[in-house]
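So that you can tell them apart, the chains are marked A, B, C and D in the order they are listed, and the count of residues begins at 1 in each.
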């Protein structure tokens, strides 16, 4: 059986998810032995930019016409398209404020030429093309990526948790930042998979992985406002990485 | 060491492990209906095959190595031992993986689990089997059990409805029963697009007009989608069936099959231990059952 | 039962002797809370803790556990990883021991769970007396006292621990200390009784559990459930910290590049919408209200029908852990239609 | 005759950029370093956000420099609030920065730049013929990541560093195993140097270059300190950080060159080579020995030397990180909470050295501790003018019209800068979608 072909692509983002792939130091050589990575601009210069792909991993949000075209091209080439990272899955930090006056901001940051930029409000991949699987995380977790690849190679859908960060926080028996310290921790609304990284360091979760399947934003907002945080600040906080999730 | 702890007891996970799947070989894959194939399996280890004795209505846990496990009813009758037949609908991870397998491939199987139909109680009575759509899968075992032990049952009636002839599970097999004189096999389809169907056309409850049923001496086994329950149950109650003689096979999420994982719990019953066959009286008592 | 006593200031010595029977694990402080951890020094142990974040069920039914390794040529090979480890849980409270006795029923029965059973046989339990705090209602749940399920149990009687010897192994531990343990005097027994009745009075919470199953049936349609459903975050904390919540998920994980892998079981919770979801999208407990109702119903009514008693031991963990302060005692009392009452 | 050399998509760099060079009669008539990143407007997005979220949001500007962004952000906030952190925190931050530098340099040197020198399209292709070298490189990269994980809680977008200190200080055992890893890393690095010294020369451009680097306090480092040293024609100038607008020319907007930074009208280079040029005297003899082995003489007139400078830093960082770990272990690590402080209105500017050069975060806070305005200036933006200058110079000096060869050289020069295009939040020249 010939090796499945794959491409790794980045739209507008921080390249963190591609970097995490390169950070799989222990598995990298196995990975390239198992899949034929034909198109990975960040890591190589001899890319086949037109071939069909069994799997395409796409990072970043769609933030320009150029991104949109690139994504459509990748979709047309790929049998399976996997969104990697919170930007690709939910829009990410750049999507946090959809009511932002973009034109004014562009001009403010880039000067008078800003207005001419090819710039669109951030969208997640699934808003533009059909996405087969989503691996969230800002950035994605190495383990989740590697096991998702293992599943995909077997022909199975990746198995990813849908429950909240609290579950893993309890697994690790960390002190609860909400009940014990009254902090604004987004753990109950945020999907697990990071092994409760932040609470384990006594740092409140900022929700970088996007919402858990059963997130109850209305109740969470009430909980935080009762704790003395202004509704506006709560809304901002909950929207930081995945504003779409809050709307749902 | 001054210790009263005995020697390693972890042997138990080797010898008496209820979660242990046993290798079984796919001996036949039969494409009955689109995305509803009949898989015939045989245990690799003959002893395990011999000791696997199920009752109609029981289920097994099917493992696809590396992918996962799912509960599947045993569609073959214990009266026809040697192989097990599973009628599997392609629904998700495990079943997709099964559909990728070929004859001679190995899967894992453990069981049988669940209460099954109370055959000894039913024996000596008439039997009515009513199935809609995919509900035929768990009833087929009971059907053949009754036919193979014909003398132990009174009147045997099967009512089975599918959307079209192409959607009918076990179609050839069941059509061949229509002419049998020792049972009443009533088959219907909602519509017959190809005009090839020689049996009834119309909704399932309509078949009651063609059946002779004496509620006082009959057990009914019902399985199908929620609408089937809705109409058939009403009909059966109208006919005067006792609530504890109406038997239903339920589906729940299941992870262990042996009453541990908690997923199939319905209030205070486990579908895997106390079910999957429940009576209508159970259903009235158990909230959220159907 | 064999009853002895141990001078409190000799507990350290006893602990040092006990080490030769296995790894000593006891509650230690973590970020203001407590957790059972392996001790590196006896001085880390905090025996007068209110409750640990996770109950000791994590030793018997680990958060994540490999049931089988899968290798294509060999099929599913059971994993015995860690099952033989001899662990001494030093300082378990009565309610937690009681919860294990409850789990014994679930993981025993017609299909005994060999993983749980192996650990149960290998893990030594040394119980210790406790003082109820504002979340404890184990007395109402009849779990403030255990008569079995431990190897040793220490009751505080002032300068001494009155020691119940529950098993032959417990007795071996006692004997291994030489003459450390003494015979209790009548005065010691009197002191035990006095403290026992003081403890009874120290409970700030009380719930009536008689006919609770019936009340659950009567209140099945109560508006309380919708109210709780709106509030619940579905975070699952209550299930994770509950000593008697045993729901688990099973999933196969695949190794990269082979069809090798592992079958894992992982704690699950009925508060998650995936709990009763079946293939094809049908969900028997789609609404949050139906899920939180199910948690209470299963514990206080369903379990009674299955196993003869509620599967709650009144440890108060779920109350302490719930970010939106959903309080089981309050819920039970509201179901009964009485106000939250504080006795004495 | 006019030729246009266009590199549509720069490969083996972070982010999306291209290069266009128009050559007319052997002279360069136009050079453009194009950036195609969508505009994320992160500086405006943090407006109104409370201080505790700012470093988390701004670290997302770039993954490879995420420690630099997060900690520079924290430094700016601490300046604004007047927070003074503990010596232990300072040491840990220093170490965290070094971890990022090790990872980033290992990635750049071996995975992005090295394939050019040896004529391979990627490190994966290279691994077939140089398996050991690639494994060593992977280990060095991993070591950098491990440091970031142990101190920062995550290799990309650290979470443990916060205003006032750390969420949880790493435990002694973690530092002890880090120590072992560093010792192994030092041996690995030595082996890697043996390969690097054999590489063919790649000098495609010689010209006077102006350099700018943070004058780090407490030795050769990347985080502490507030003054910038500029080296031009052998003259050194010190500029206080608060006056950063004076040398970044940030707000002057002559249309096409907006935000291309210059000092006294000349473009300047930031990054490893600039740091070494300005502050190699802070490094010990061992580092100078490495410099000598690699044939790096300062001041350099060749931008490709930035690769060598990274190699020198990589080696030095391993030793310096080990020193810091030893110092932490000997003083004993304390699980101290972050220092307490009161958010207040004010401004704070922080200058640090990201792996690819000077990074500036400057904030104004309102009295609720929320961002009123934020300004971020990244090394890639600072370098942009210098990159173009060097491209122009290399075409001039090339002595060839062979497009393929020229293209390769141009790519290598851009790559030598180790640009981080996601970082270039400010780069103005962007091309619209065709």
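Here is the rule we use: a contact is a pair of C-beta atoms (placed from the backbone, for glycine too) under 8 Å apart; a residue touches a chain by one contact, two chains touch by 3 or more.
Since we're looking at a predicted model, the values are computed, not measured.
> Among all the other chains, which ones are in touch with both chain A and chain C?
The common neighbours are B.
> What's the chain with its C-alpha centre farthest out from chain D?
It is B.
> Report the chain ID whose CA centroid sits closest to the centroid of the full protein CA set.
Checking distances from each chain centre to the full centroid gives A.
> Averaged over CA atoms, how far is the centre of chain B from the centre of chain D? Could you give it in whole Å?
Each chain's C-alpha centroid was found; their separation is 65 Å.
> How big is the gap, in whole Å, between where the Cα atoms of chain C centre and where those of chain D centre?
That pair's centroid distance is 52 Å.
> How many angstrom lie between the CA centroids of chain B and chain C, rounded to a whole number?
The mean C-alpha positions of chain B and chain C differ by 38 Å.
> Please tell me the distance, in whole Å, between the geometric centres of chain A and chain D computed from their C-alpha atoms.
Distance between chain centres, rounded to whole Å: 25 Å.
> At least two partner chains per residue is the criterion; list those residues in chain A.
Residues 154, 156, 159, 202.
> Among the residues of chain B, pick out those that touch two or more other chains and give their numbers.
In chain B, 66-67 touch at least two other chains.
> May I ask you to sort the chain touch graph into line, ring, star, complete or other?
Drawn as a graph, the chains match no named shape, so other.
> What chain-chain pairs meet the touch criterion?
Here the touching chain pairs work out to A-B, A-C, A-D, B-C.
> Spell out the part of chain C that touches chain A in their complex, as residue ranges.
Against chain A, chain C makes touches at 30-33, 35, 52-54, 63-64, 230-237, 240-241, 251, 253-257, 259, 261, 267, 269, 271-274, 288, 320-324.
> Please name which positions on chain C make contact with chain B in the complex.
These residues of chain C touch chain B: 20-22, 67-68, 70, 72, 75-76, 78-80, 83-84, 86, 106-107, 109-115, 117-118, 121-122, 124, 167-169, 171-172, 175-176, 220, 246-252, 254, 259-261, 263, 265, 268, 270, 275-280, 282, 284-285, 290, 294, 297-298, 301-306.
> Given the complex with chain A, which residues does chain D contribute to the contact?
Listed in rising order, the residues of chain D that touch chain A are 9, 11-16, 36-45, 48-50, 53, 56-57, 60-64, 66, 107, 111, 115, 121-125, 127, 134-135, 138-139, 141-142, 145, 153-157, 159-160, 162, 166-168, 253, 255, 258-259, 411, 422, 425-426, 428, 430-433.
> In their shared complex, at which residues does chain A touch chain D?
10-20, 22-23, 25-26, 28-29, 32, 37, 40-47, 61-67, 69, 92-94, 96-97, 100, 102, 105-106, 108-114, 116-120, 122, 138-139, 197-198, 200-203, 206, 208, 233, 236-237, 240
> Over in the complex, which chain A residues touch chain C? Could you list them?
27, 30-31, 33-34, 146-147, 149-151, 153-154, 156, 159, 162-164, 166-167, 170-171, 173-176, 178-181, 187-189, 202, 212-216, 218-220, 223
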